[in-house]
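Take a look at the structures listed below.
Next, two complexes with subunit A in common: one pairs it with subunit B, the other with subunit C.
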Partner chain A sequence: MSGSADLNRNRAVDWALILYIVLAYAFVFAPIAASFVFSFNSDRFPSIPLGEATLDWYRAVATDPLVWEGARNTLIVGVIVGVVSTALGFGAAYTDYRYKFAGKQVYMALALLPPTIPVIILGLAMLAYLSRINLSGNALSVIISHVVVCAPFAMAIIRLRLSQMDPALEPAAWNLGASEWKAMRHVIVPFCAPAIFGALFITMAVSFDEFAVAWFVSGLNETLPVKVLGFLQGQVSPRINAIGTFVFILSMTLVILAQLLLSGRSAKPAKE
Partner chain B sequence: MRRPISLYGLTFSLPLLVWQVLFFVFPLLFLVALSFWTVKNFVMSPDFDTVNWTTMYGRAVFWQAYGTTLAMAAVAAILTSVLAFPAAYAIAFKLSDTARRWAVFLMVIPFFTSYLVRVYSWQIFLSDNGIINVILGWIGLGPYQMLNTVGATMVGYLTLAFPLVVLLQLFSLVFIDRTLIEAAHNLRCGRLRTVFAVVIPSARTGLVIAGLFCFILSFGDFVSPVYLGGGEPTTLSILITDTTKSGQQWPRAAVIALTMIGTLMIVAFAAVKFAYKGKTK
Partner chain C sequence: MSRDTLVSFEGVVKRFGGFVAVQKLDFEIKKGEFLAIMGSSGCGKTTTLRMLAGLEAPTEGVIRLSGKPINNLPTWSRDTPMVWQSLALFPFLNVRENVEFALKMRGVGKAERRKRAEHWLDRMQISEFSERNISQLSGGQRQRVALARSLVVEPEILLLDEPLSALDAALKVRMQSVLKNLQRETGITFVYVTHSQSEAFSMADRVVIMSRGVIEQIGTPQEIYRTPRTRFVADFLGSSNLFSGKVSASAAGGQDLDTPAGKLRLAKDAVALPAGSTATVTVLDTKTHLSTSRPEPSANAVPVRVIGEEFVGATATLYLETRQGQEIRVQKGHDELADLSLEIGQELFAWWKPEDSHIVAEA
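And now, the complex of A and B:
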């Protein structure tokens, strides 16, 4: 990769590019790092130099019953969304892997398009539609909307895993007398297991962070990100940093778990 | 593998189809119907009246917001693409395989941090007594007003789209046939010229798609324009939230939303066409 034969390789330019990478990552991580640092900082209007180290904001968050309620809603919604989106995404991924049919392009568009629609439009459409069919303003409406957005992610993750599978594996199981259902249970699902759990964690993480659609449809059953939006609208409050740090750690745990699952076994593809 | 329709196949195919038709296609179609409803005394009733369209399209405020949003999203797409490209290029061509894997992993992390929290964090940097103004003060500059400006909104758009654009650009760059680049070098094509004559045309599809995603994200975002831009100038997304959340003017909000979808479809179609131009897909 180093391409040592390049005639016009220039050290100064290389270093400038490396420096640029560092700056790019500094830009990306500056707000994340600042949020972490200032969550332990006493100043009401955070800036430098830093005030005293404190856990006050965490305490303020931990003693706020509304935050707990939001966290509970987020968790319930996230877990259900994860399970449902993964199930739907698995079905769609398997459909794409195995079947050819008329209108498949439309099917795939429905399976992949929702995340590209701006959340604010989706939020409005969901609010109007769900209140029309009397499903708006509760946790269920958030679950319904989040599955629409999350299922495509699950589908993509599981589809990627299926494409690593030897296409002869399933027919081999049939030839050995397994029914389609048995082959699914003993061949496809075990092979996809890491991707299934990966998709579960990723979709949960996506749901945990989604605030716009949830803000439109949740009514009084606000999820935590919707609460954060409320804090942002009200007086500026470093509590956001405390919640942000907490949610960041939670999301990263899920993502790293997913990463371990997805990379752990794909090292030995197509044979299990 | 064409097979007759079976219970087995339907068990896996149907749930997603049903769900997305019920809760994705129908809500969007309902939005169309809603835009023709009328509101009297804060109560919506089904109707077929073009009043919402004529009212909204007759307002200067609406067209102002439309122009602003379009311009800001376009600037964001170009700015983000230009700023992201050197980073994607360097990650693709200057890093070892291991370092590149880490770079990708690190660029994925922002997707799982709350955008709201990051926007709040930028307030800490950009406010009048914020980190940047304090640092500028040390060398005798400022303070400058940075929060509640269009520039701050752009920082927000960058926060939203930069990681995604870098990743998409990166994926199109690593798939470039490297022998092309070596050939260009062997033919004494300079570095910069190689980038513009070989690398960028080869990666065009990915670069355009990356820019398109940035456009879509910025076009629909309401967080940065409100909490970093201070709500000025009004964008379409602000207009939608205001119209929806205050009063029962959902039909008018639907008009704005449909106009946005229409615009996005035209832009996306043009971008995809340009991205694949001259390619046998």
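And now, the complex of A and C:
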């Protein structure tokens, strides 16, 4: 931005690009901003002019046991999904990094496939499959389904990090007396730490927001997004705005944390 | 195998699928020597080093360390630390933690680890950087960290895979003397892989020259420089002029070589070759002389034309061409050149004494 003194930059182009970015972000964030604003509005229907500022809707949400139940389910599912998908994703990424074997391309294609399947199809398939093995309609079924959706993201993030590693680093650790397990613990994992935490936060965020698959398989143990749909079907209430704002802030926090870790702006990657 | 042998390669072959990286290695590394393995890329030098480090398994043959076969020993169970071309320092550890790494992997206690790491940090003159991140160090400092990290276990042998290739020329020369002194003081056997003749010849006690998976010559730098054994070695070193031709009996007794550039007399003590067989002789560019008048008949003389010159420090390299278009190089001091006062395109004679030339094996 401060490059106006730069000989080879055109000011008009700079400003046009800035305007373009502002408009693009405005388009993307306007609905979210509206939801945020109306969550503090006393009127029942989202309309201009605004009524008084109020925290009533937040109070209503905070005292609703159904919301708490949904939030609890979402949180438990999200944390477990984050940990399990990151572990699976790490394993898959390391396998790709370390080994050459027949059918590796098929293996990679299959590992990356789930996010390309339409969620409705995936949800339906999950429901059919899980109900057959008597696992549908509880939190475990949501966890299993979400891991299927999230693990490929974790793998992609960790794979990228491994591709940035000096290929001599792991053999160097072996050469200095580290067995394969020790090299994994003392070299591969610390090197991948930013990506591992990034993957953890991103997969949690994906699970928090995921609606379609959870709707199919959650049964009575609905997660928050599924609950929200229930509210919307019953009545239009600004409580939705309050929940939306809360979930948005939570997800953004996770994504920004992941971004900070992955861009390496964190002072120093974790040790040991 | 003699008592001062530390490592021996016995009929070692390495194949990657259909590609033969190393064809049949038989050589020994002596205790406490500085051995350089030299060759162009793809000659098998790095594969040889990696087999010694336990990073590749030989397809055939046996490698012994202190008499014991180590073919099936994984690299973490050998004491064969390596300094990598990329250095492969751990970026998430600071300098001291990098140096302590090998000790930690061997289960050495914290206090002992620290003491031994500090000894090597001090010895490599990098104590003041011990708490720094690797990314905050200069190229030369990183070299020293890499050396300290490998030497901290006080091994019998240290493997080095072109560790100086990333440094600028001045630093390279400085690190060469650091390495040479370190090797002399510690008495640790160094095996140093490089494609650089100047690195190999300035540091090593013995040099192994490899080409296409085969050893072309092993010897001290002087031996190899003065008497390259094969045509490949002479070409690779680039410090000799080569002439090929057919052997014939000389009228004056002894042997002649009929080359396109003319009839050349072979050294009196040269091996007797059957008349009519092909042979190649080399003569060092420092032993090749120039003269504007025809030299005396006892010398080998070739008429040449000046095509260019290049100044390197105290000497100049003169590029000449025979009538058949073969390039000939001559090294001369500046004074001598000034006396000849040559011009590009000028015709004169390149000459040398027959006893300064010798026959190399065709390969």
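Here, the second predicted complex is superposed on the first by the 242 of 272 C-alpha atoms of A that agree within 3 Å, B and C clash if a C-alpha of one lies under 4 Å from a C-alpha of the other, contacts with A are read in each partner's own complex, and residues count from 1 in each chain.
Quick note on the criterion: a residue touches a chain if its C-beta (ideal position, glycine included) is under 8 Å from a C-beta of that chain, and two chains touch if they have at least 3 such contacts.
Small disclaimer: the values here were computed from a predicted structure and weren't measured.
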Fit-or-clash call for subunit B and subunit C when the two complexes are aligned on subunit A: fit
First (subunit B), second (subunit C), both or neither touched by A:F191: second
First, second, both or neither for A:K182, with subunit B first and subunit C second: second
Between subunit B and subunit C, more extensive residue contact with subunit A: B
First, second, both or neither for A:G82, with subunit B first and subunit C second: neither
Touching partner for A:I120 - first (subunit B), second (subunit C), both, neither: first
Which superposed partner A:G70 touches (first subunit B, second subunit C, both, neither): neither
Angle at subunit A between subunit B and subunit C, C-alpha centres, nearest 10 degrees: 100
Minimum C-alpha spacing, chains overlaid - subunit B and subunit C, in Å: 10
Residues of subunit B touching subunit A in the complex: 1-3, 6, 8-9, 11-17, 19-21, 23-28, 30-31, 34, 83-84, 86-87, 89-91, 94-97, 103, 105-110, 112-125, 127, 129-131, 134-135, 158-159, 162-163, 166, 178, 182, 185-186, 188, 190-191, 213, 216-217, 219-223, 227, 237, 240-241, 244, 250, 253-254, 257, 260-261, 264
Subunit B-facing residues of subunit A, complex: 1-3, 5-8, 10, 13-14, 17-18, 20-21, 24-25, 27-32, 34-35, 38, 45-49, 87-92, 94-95, 98-101, 107, 110-111, 113-114, 116-122, 124-130, 132, 144-145, 147-148, 151, 155, 180-181, 184, 205, 209, 211-212, 216, 225, 228-229, 232, 236, 240-241, 243-244, 247-248, 251-252, 254-255, 259
Residues of subunit C that touch subunit A when the two form their complex: 53-55, 74-76, 80-82, 84-86, 88, 90-93, 97, 101-102, 104-106, 133, 149-150, 153
Subunit C-touching residues of subunit A, taken from the complex the two chains share: 166, 168-169, 171-179, 182, 186-187, 190-191, 193, 268-271
